[in-house]
Structures are given as structure tokens and as C-alpha cells.
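Chain IDs A, B, C and D follow the sequence of writing; residue 1 opens each chain.
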Amino acid sequence: MDAAATDAVVDWIRQSATALAAERDRLNRLDADIGDGDHGANMTRGFAAAVTRLDGYDGDLAGVFRSVGMTLLSRVGGAAGPLYGSFFIGLASALRDADAIDAAGWSSALEAAVAGVQRRGKAEPGDKTMVDALLPARDALAIAVSDGASLAAALSASAEAAAAGADATTPLVARKGRASYLGERSAGHRDPGATSSALLLRTAADVWGQTTR
Amino acid sequence: MDAAATDAVVDWIRQSATALAAERDRLNRLDADIGDGDHGANMTRGFAAAVTRLDGYDGDLAGVFRSVGMTLLSRVGGAAGPLYGSFFIGLASALRDADAIDAAGWSSALEAAVAGVQRRGKAEPGDKTMVDALLPARDALAIAVSDGASLAAALSASAEAAAAGADATTPLVARKGRASYLGERSAGHRDPGATSSALLLRTAADVWGQTTR
Amino acid sequence: MKKLINDPEAVVREALEGVAAAHGDRLRVAYDPDYVVRADAPVSGKVGVLSGGGSGHEPMHGGFVGPGMLDAACPGAVFTSPTPDQMLAATQAVNGGAGVLHIVKNYTGDVMNFEAAAELAAAEGIDVASVLIDDDVAVQDSTYTAGRRGVGTTVLAEKIAGAAAQAGRPLADVAAVATRVNAQGRSMGMALTSCIVPHVGTPTFELGEDEMEIGIGIHGEPGRERVRLEPADQIVDRLLEPILSDLPFARGDRVLAFVNGMGGTPQIELYIVYRRVAQVLGDRGIAIARNLVGNYITSLEMAGCSITLLKLDDEMISLWDAPVDTPGLRWGV
Amino acid sequence: MKKLINDPEAVVREALEGVAAAHGDRLRVAYDPDYVVRADAPVSGKVGVLSGGGSGHEPMHGGFVGPGMLDAACPGAVFTSPTPDQMLAATQAVNGGAGVLHIVKNYTGDVMNFEAAAELAAAEGIDVASVLIDDDVAVQDSTYTAGRRGVGTTVLAEKIAGAAAQAGRPLADVAAVATRVNAQGRSMGMALTSCIVPHVGTPTFELGEDEMEIGIGIHGEPGRERVRLEPADQIVDRLLEPILSDLPFARGDRVLAFVNGMGGTPQIELYIVYRRVAQVLGDRGIAIARNLVGNYITSLEMAGCSITLLKLDDEMISLWDAPVDTPGLRWGV
């Protein structure tokens, strides 16, 4: 099996933990506007635990995602915990037995991951949730792949789509999660979960983009 | 009996209630510095009740003071209630059967009133209490009387002495009442009770000074 | 941020250690995963009653663990729902063979985590029933929202379901009575001030000196509307109207009237609120058969209150009156 | 000022009306003069136990009226001691022929008003004993002060003396046990924030964002010293040291450890405080035989806490454990 691929994935998780820690307060503030102000703290806590759990990891590639998924499920709580838990467990199942990730492989993995999020949270596009960042990312990735793009190119395409999707949550009225309690008052605020999702995919593009270039 | 004298006394109480209401916040603030911030509220509440109780009063002179004393005792609470209660009940007993007040009569009445305050509160001069305004007032009055001063002159002499006594409480360290809990920290603040006592005697001088001039 | 804490990240852990030190004779506290459980759990043959949620609402839920109420409670991080591993471990700890009831407040996070836990427990052959509490009339219940939030009625459901379990009722009955309590309970809250989540360090929202938030949630979520401060009686009327008209409560009903403090409001104010509640219900011919006044489901140091009305029947009354022996509610023992 | 009130001058009256509405089955509230009394008072042949003080410390004292604790309580204006006419009326109402105990916190105002009341009651031939509570170690006890303030130990003395009276002990015994509780109880408090007296409308004192007041009284009186904010454990150590060294409490002692909230501090913080109290006492070999954690003697919405240690003996323990049925403390019934 390809140890480099596993390292790249672990590196993605490490960089994501760093990126989330850097954005912790911003994510908390976004969540304070339309939720309860803890999304940054939840994600930082969860990813720090995931990174610790990965110390000296020497299993296979899918095992990384399984470990991260279980850690988030047991350490994050709130809505984000089970949702991101399902996300990474979805990646793990799709990549079972894979020993490297190519554009096509990642595309189907992301598809499974997003499906897991929707199964657990039942959110539709436009509900002003992380799904609004994840679905466009999934689709952009699929298109890039069918265009025969490189993994690096495909990853940045999906990262840009996720960022655009997160931006697009601002005017939306939330229909799921805490923010939905605000009704109309939730419009005009960017969704924290979509923001953290875009951050994770941006980090993937940066980290893997380099390693695969 | 001399209805004019009774009216003058009732007028003193009315004017005092007005003066205390005007100084309410200042007395509260003084008490907040070294106590619990309620002296102004307590005195205003008590004197307002005393004035109401005196509506249409047609008893004798001492009765006015007895009514005020009982009202303060039952409506003020805190330290000031029983103390000013004793003060006015002291005036009442000293003026029993009096149908007018002259300088000498007022001098012995004030002596009895201050004795009542000290019996109830056991404060000595310099303890940073109302006693530090009342004792000098009592003594100034006695001297004025022995000098053969008019009631008006004697009253303003005692009012000035009370004011000076109240001023002099500022540097003192409290040994009685709530302020004593502060120890050294009570120095540098003017005592609220001494301030209200000076106010009452100032009002007496103003009100009776005129009526007797 | 002015709090009696050591480390913002250690607040829940250290508070649990304090609970263990204070109530070790009656409660046991487990760590990693965290849960508070009756010292004598599992009670064999008795339905286990379990709840949980974010911390910061004390005494709910940990303070309601004990004979006659909860068998265990799972504390999450402050204002963050606990996790499936906690719920699974607590479910195993209180399973006396008669199954376990999960009392779940309707928040996306709580629901999803309890769902995952119930799946895991079922996989281990534990009989689990879940009852969702969604009594907050401040939130319009519609398919366009996550539905109503679970607030004050949770405390009443935990007491009444706990009494039913203590009486030896089977899981289906215990779940049924909890469901009925939720169906007949309605709440609404308000805030005079925000609160500060320790690991955040700044107020969750800002309120002007002359403003108040009506329809606030228990996590500092902004409420229904922000209006000018009003006298207590008008505030009570604002909260009661939607509560009364929602069920609706009608002349002749018997209710439990629950005036709850959000944490930073002194008791003297809660009784001024209760006074008005009693006036209004009296005028409408609604009888207050039972009442509860105090801080039971709080939002850290938030100043404000919530009002819960529960339409009672004879069974609920006898279960409410049944003995309860917890740090937060104690009578009949 | 953000409060759930209608009229700052009517706070006490309206809160009493709320108490009457909420607890009318067990308490009776009399107005002008105001007092709260057991519905079944006077209990013939039983010593009546009476206390009172300024309002704003709820649940103390009115919340402690009921079988096993106080027979009546006299509420003054906020932070202002009640008046002799209230105390006289309440004394008459609870006199069951065995005499009445006045439990008086050592504040000049309370002492002078209770003195006047006792004189009036004696004049009516009622046998009155008075016990002064002065347990606050923050105040140096000397002939140059009004002496130590009565704080947390008051709650414990009211419970224990109330149990002694309920057990049918004569007045001298009930007074003696209350005196012993005061002699063996020590307290100290601190504040993170001030509080606002409703009829004043502004904070009694100002504290910086990084300051706290150590040795605060329960009326917002400034304390012993103002220092920089510290972690909870260090604050507890600051409060415990003078308490422990004053009695002094010694290795092998059994104590009741009482962690009290000042009104605006959430329970989660009080348990963090209790955690440290238990650690320190454990290290010193002092056994916590009983404990109490919560808001029992408050200062309106002040944030902060107080710690009270009471050195116990077997008699105190059994009286503490005896049944009590009041809105504020309830067990064994």
C-alpha cells in the first residue's frame, strides 16, 4: 500500500486542525449570530482530538478517515459532531481497500461522504447548512473528473465551489439546525457549518495539490 | 395651649421631609460609599409616612414628636429607624405638657433626644455616627441659651454646630454601624446619618427662625 | 469574563468532580465518557430513565439524577449536546433489564447524537425508547424549521417519567406518560441579559440597557423579537399569551405553573413573575394545582425567566407528588 | 437597571404576594406589618422560631418558613432590617406558649430593631430569647467595630434550631443549640460583581473587569480588600484560610461545608468552588460530614459566593438531618 497517500491524508487532517484553530473565533462568531456560538470551539476540539488519535498511525488509508469520523462523533457533540462523523465515515467506507487517491476515487468518496451527511441531517440544498457547501463541491469535482482534470485541478475546483456555496448561504433563511429558529432573522448571516466545510476542502486542495504536483 | 407652636413643629417635620427627599440620592450615595446605600431611601420613606400620619393633626405639641417617633420606628428600619425613633420619642417625653417651645425648653428637649439616641446605639463621640452631629448641636444650643440668645439665634447656632460636626466625620474611622466593617477604609467619607441629622437641625433653624422672628 | 472557574476548557470536568465530591453518597460520576448516574444503578427490573444535553443548564440534568427522577444524565460541553459514546455508556449503566427511556430535547445536535446512541444500544440488544421534548412556543413548529425547542417541560417530563419508572411501569408506559407531558406542556422564555460561554469568553449576543429578548432559547439563541424593557407584569403577559393560546389552555383546566429563572435573576423577581402568572390564570379560570418557582433549567448567568404551563390529569399529579430524592428536586423522602 | 419588577418601591410587597400565591397551602403572608408565617401557627406547646432581615437575600428568610425550620420571618425593605412592629406581630403569631426565639444577624439595624421588639414582646408577657449570629471572619471582631456580621451560618442555625423546636425542646435548649451553631460556624464571601438595590437604581459599588471584592457583606458592603481576579481555586484558598484559622478547624473535625451562591453565579461554578473546598479540607484531614451547595443567602443578582464551615457534633447532625418542609429547604417529609 502507498504510505505516501496515507501520509498525505493524515497531513490533510493535521492542516485542517491548524486551519480550524486559526478560524476558531470567526466560526464561533458566525455561530453566535444565528446559533449558539460554539461551532469554532466544537470543530477545534474535535480535530485536535483526531490529530492526537492519529499520532504514529500506521494503518491503511481508509482507517485514517474511520478514526477521524469516530473521534469527531465522540468528541464534538452538537450538530457538527454526528454530521462530520458521518462525513468521514462515509469517506472511509468508499475508500475501503484503496491504497491511493486519484481524482475519480476522491470524487466517489466525496459523494458517499455527502450522502452520509444528508442521511443523518436530512438537509436539502438551500436549507443554509454545510450541505450548501458540500453539494457544489461534490458536483464540481465530478465535472472536473469527467473533463479529465488532474487531482490537483479537481481539488481546487471543488474547493472553489465549496467557498462559493458557503458565500451563497448568507442571504438564505435557515430551515435546519439552530439557525432555523430565527426564521427570517437568519438571512444575512453566513452559515458557520458551510464555512467550516469550505475550509476543510480548501485545505485538501492546498495540501494534496502540492503533494500531487 | 399654643396652636401656633404645634403648627411650627408640624411645619418643621413637613419641611424636613421635603429637604430629605431633595437630598435622597446624595444620602444614598454617601451610604453606598461606607454602608449599603439606602440611608436616603430610608429617611425619605420614614418622613413621608410621618407627614401623612400628621395630616389633620390636632393634638398637643409633644404628641407631634411621639407620632413622628413611632412612625419612624415602624417605617424606617435599619439603624436609622430605631435611632431617629428614640430621638423624637426623647423630644416628646422632654416636652410632655409643654405648649410652646423656647430656647431653654428646646435645649433640654434636644438633650433628652440625643441621650435616647446614645442609649439605643451606644455610640460615643468620634465613632463617625449621627451622634457626631447631634452632640455639638446640643452643646452649642446650651451655650447659646446660657448666653441668653433668642430661639432663632440658638437654633442657627446649633444648626451650624451640627453641620460642622457632620463635616468633621469625613476623616474619622467608623466604630459603629455598617461603616465600621470597613475599618480604615471608612476614613475619607462623610457619614450619612450625621449628614441627615445636620439637615434636620438646619431645617429647624430655617423654619422656626422665621416663625419666631 | 468574570467567572468562578479555573480553566474555561475544564469547567465541565471540574464541576463534575465537585458534584462527585458533594453527592458521592447518592450519585456516581463516570469520566471519559462523562455521565452522572444513581449510585445504586442499574435498578434491576426498573426502566432506566436517561437524559442529557449541553452543560450550563444546571441543575438540569445532572442535578435531577436520583430515586424518583433520572437514573443517569449525560453532560455535554457547555451548550453543546453530549455524544453517542456517553449516551451508550450511560444507557448500559442504567439498563436493569426493563429497557431505557431517552428523554431528548429537540435540538438538531441532541437529536442526532441520541439517534446514533440509540442505534448503538439497540445493536447491543438494549431496549431503548426515545421521547422528544419540543415545548417552546416561541418557535413556530413547521416543516421549514428544526421544530420547536425543548425547554421547561423537560424538567417536568423527567420528574413525572422518573416517578412512573420508579413505580415499576414498563418502558412503553413510561414513554407514553413522558410523551403526554410533552404534548400538554408549553413554555416561553425571555432574557434581560446575555450569558458568556466560558470557552468563548464574550457574550453570545448584545442587549441594550433598555432592551430585552423575547422567546429566547436556553443556549443564548436569539429569540422571537427584541423589544423595549417593560414592567414584569407586561412581560408575563407577553409570555403567557402565546402559551395559553397554543395548547390551548381553557377555563377549568388544572395546570402545573412553572416559573423558571435563567440563572442570574434573583428569586425575589421570580416571585413577582409568579404573582402575575397566578393573577392571569385566576382571571381565566385556570386552576394552578401545582407549581414550581426557581432556577431549574438555566442558561449560565443569564438574567431572565421562562414560564411553563403543563395541563395536568390525576395520573400526572400523583406522579408529580411521588417521592423524589435528587440534588435539584427533593421531597417525600 | 434591568430587573423583572413593576415598581422599585413595590418589589417586596409584590414578591410577598407571589410567595402567598405559590405557597398559600403551607404559608400565610400578613401585610402591614409584613411577615411570613407557617399556616398552622401558633403550634401550641412548641417554641416559636422567628427570624428576619432586609429583603434581597432570598430564599432567606421567608423561604425557610415551615415545619422543621422557621415559624415566621419578617422581611424588611431590600437590604434594610425590618421594624419592631413586624417583629412584635410575628412573635405574637408564633407564640404557642413555650416562648419565641429571635435569630438575629449582627447588623446594627437588625440588632436595634429586634431589641426594641423584644422589649415590646416582653411587655406583653411573651418569653423571648435572642441569639445573635456573627460568623463573618472578613470582619475583625473588636470593640472598635459593630462586631462580625451574620452571614451563612444564619441558614444553618435556622435549620438546626428549627429542628430542635420541632422536637419539642424548651426555649433555653433551642437558644443554646443556636448559640452553639453560631459559636462553631465561620464564613467568608466574595463578589465578582455588585448588585443594584431596586429603589436606588445604580450599583452599590463598582468593580473593574479584572477585579473582585474579598470579604464582601451580603448587602453589597465593600469587603476586606479588592484584588485582581484569580482562578476559582485560589479564590477558595483565600476564603478558606481565614475561616479555618479562626475557629480554628482541626484535623479530625467533622464539618458541614456550605458553598453559597450570591444570586448571580450559576450552579456549575458553585460546584467548581465546592470541588476545591473538598480538596483542601481533605488535605487537612477535616471530614465533610454534611454539605449544602446553592443559592441560600443571596445579595440580589450579585455574582460571587460565600463559604461557611460549621463544626458538627452528633446532636447538630441529627438536627440537620431532621425533616424540614419549606420552599427553600425540603427533605425527610
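Convention: contacts are C-beta pairs under 8 Å (C-beta built on N, C-alpha and C of every residue); 3 or more make two chains touch, one makes a residue touch a chain.
In this text the structure is predicted, and so the values were computed from the model without any measurement.
Student: Among the chains, which has its CA centre at the largest distance from chain C's?
Tutor: Here the answer is chain B, farthest from chain C.
Student: For chain C versus chain D, what separation do you get between their C-alpha means, in angstrom?
Tutor: 29
Student: Distance from the CA centroid of chain B to that of chain D, rounded to the nearest Å?
Tutor: Going by mean C-alpha positions, chain B sits 33 Å from chain D.
Student: Taking each chain's centre as the mean position of its Cα atoms, how many Å separate chain A from chain D?
Tutor: 55
Student: Going through chain D residue by residue, note those that touch at least 2 other chains and give them in order.
Tutor: Residue numbers touching two or more other chains: 78.
Student: Considering only which chains touch which, how would you classify the arrangement: line, ring, star, complete or other?
Tutor: Basically the chains just string along in a line.
Student: Report the complete set of touching chain pairs.
Tutor: So, checking each combination of chains, I get A-C, B-D, C-D as the touching pairs.
Student: Under the touch definition given earlier, write down the residues of chain C that touch chain D in their complex.
Tutor: My answer: residues 2-7, 11-12, 14-19, 21-22, 55-56, 58-59, 63, 78, 192-193, 209, 212, 229, 231-233, 235, 263-275, 278, 291, 293, 295, 298, 300-301, 303-305, 327, 330-333.
Student: Mind listing the chain C positions that touch chain A in their complex?
Tutor: 33, 54, 76-85, 107-109, 112-113, 115-116, 138-140, 144-146, 149, 197, 199-200, 204-205, 217, 219-222
Student: Given the complex with chain D, which residues does chain B contribute to the contact?
Tutor: Chain B residues touching chain D: 28, 32, 34-38, 41-42, 45, 73-83, 85, 120-121, 175-178, 180-183, 185.
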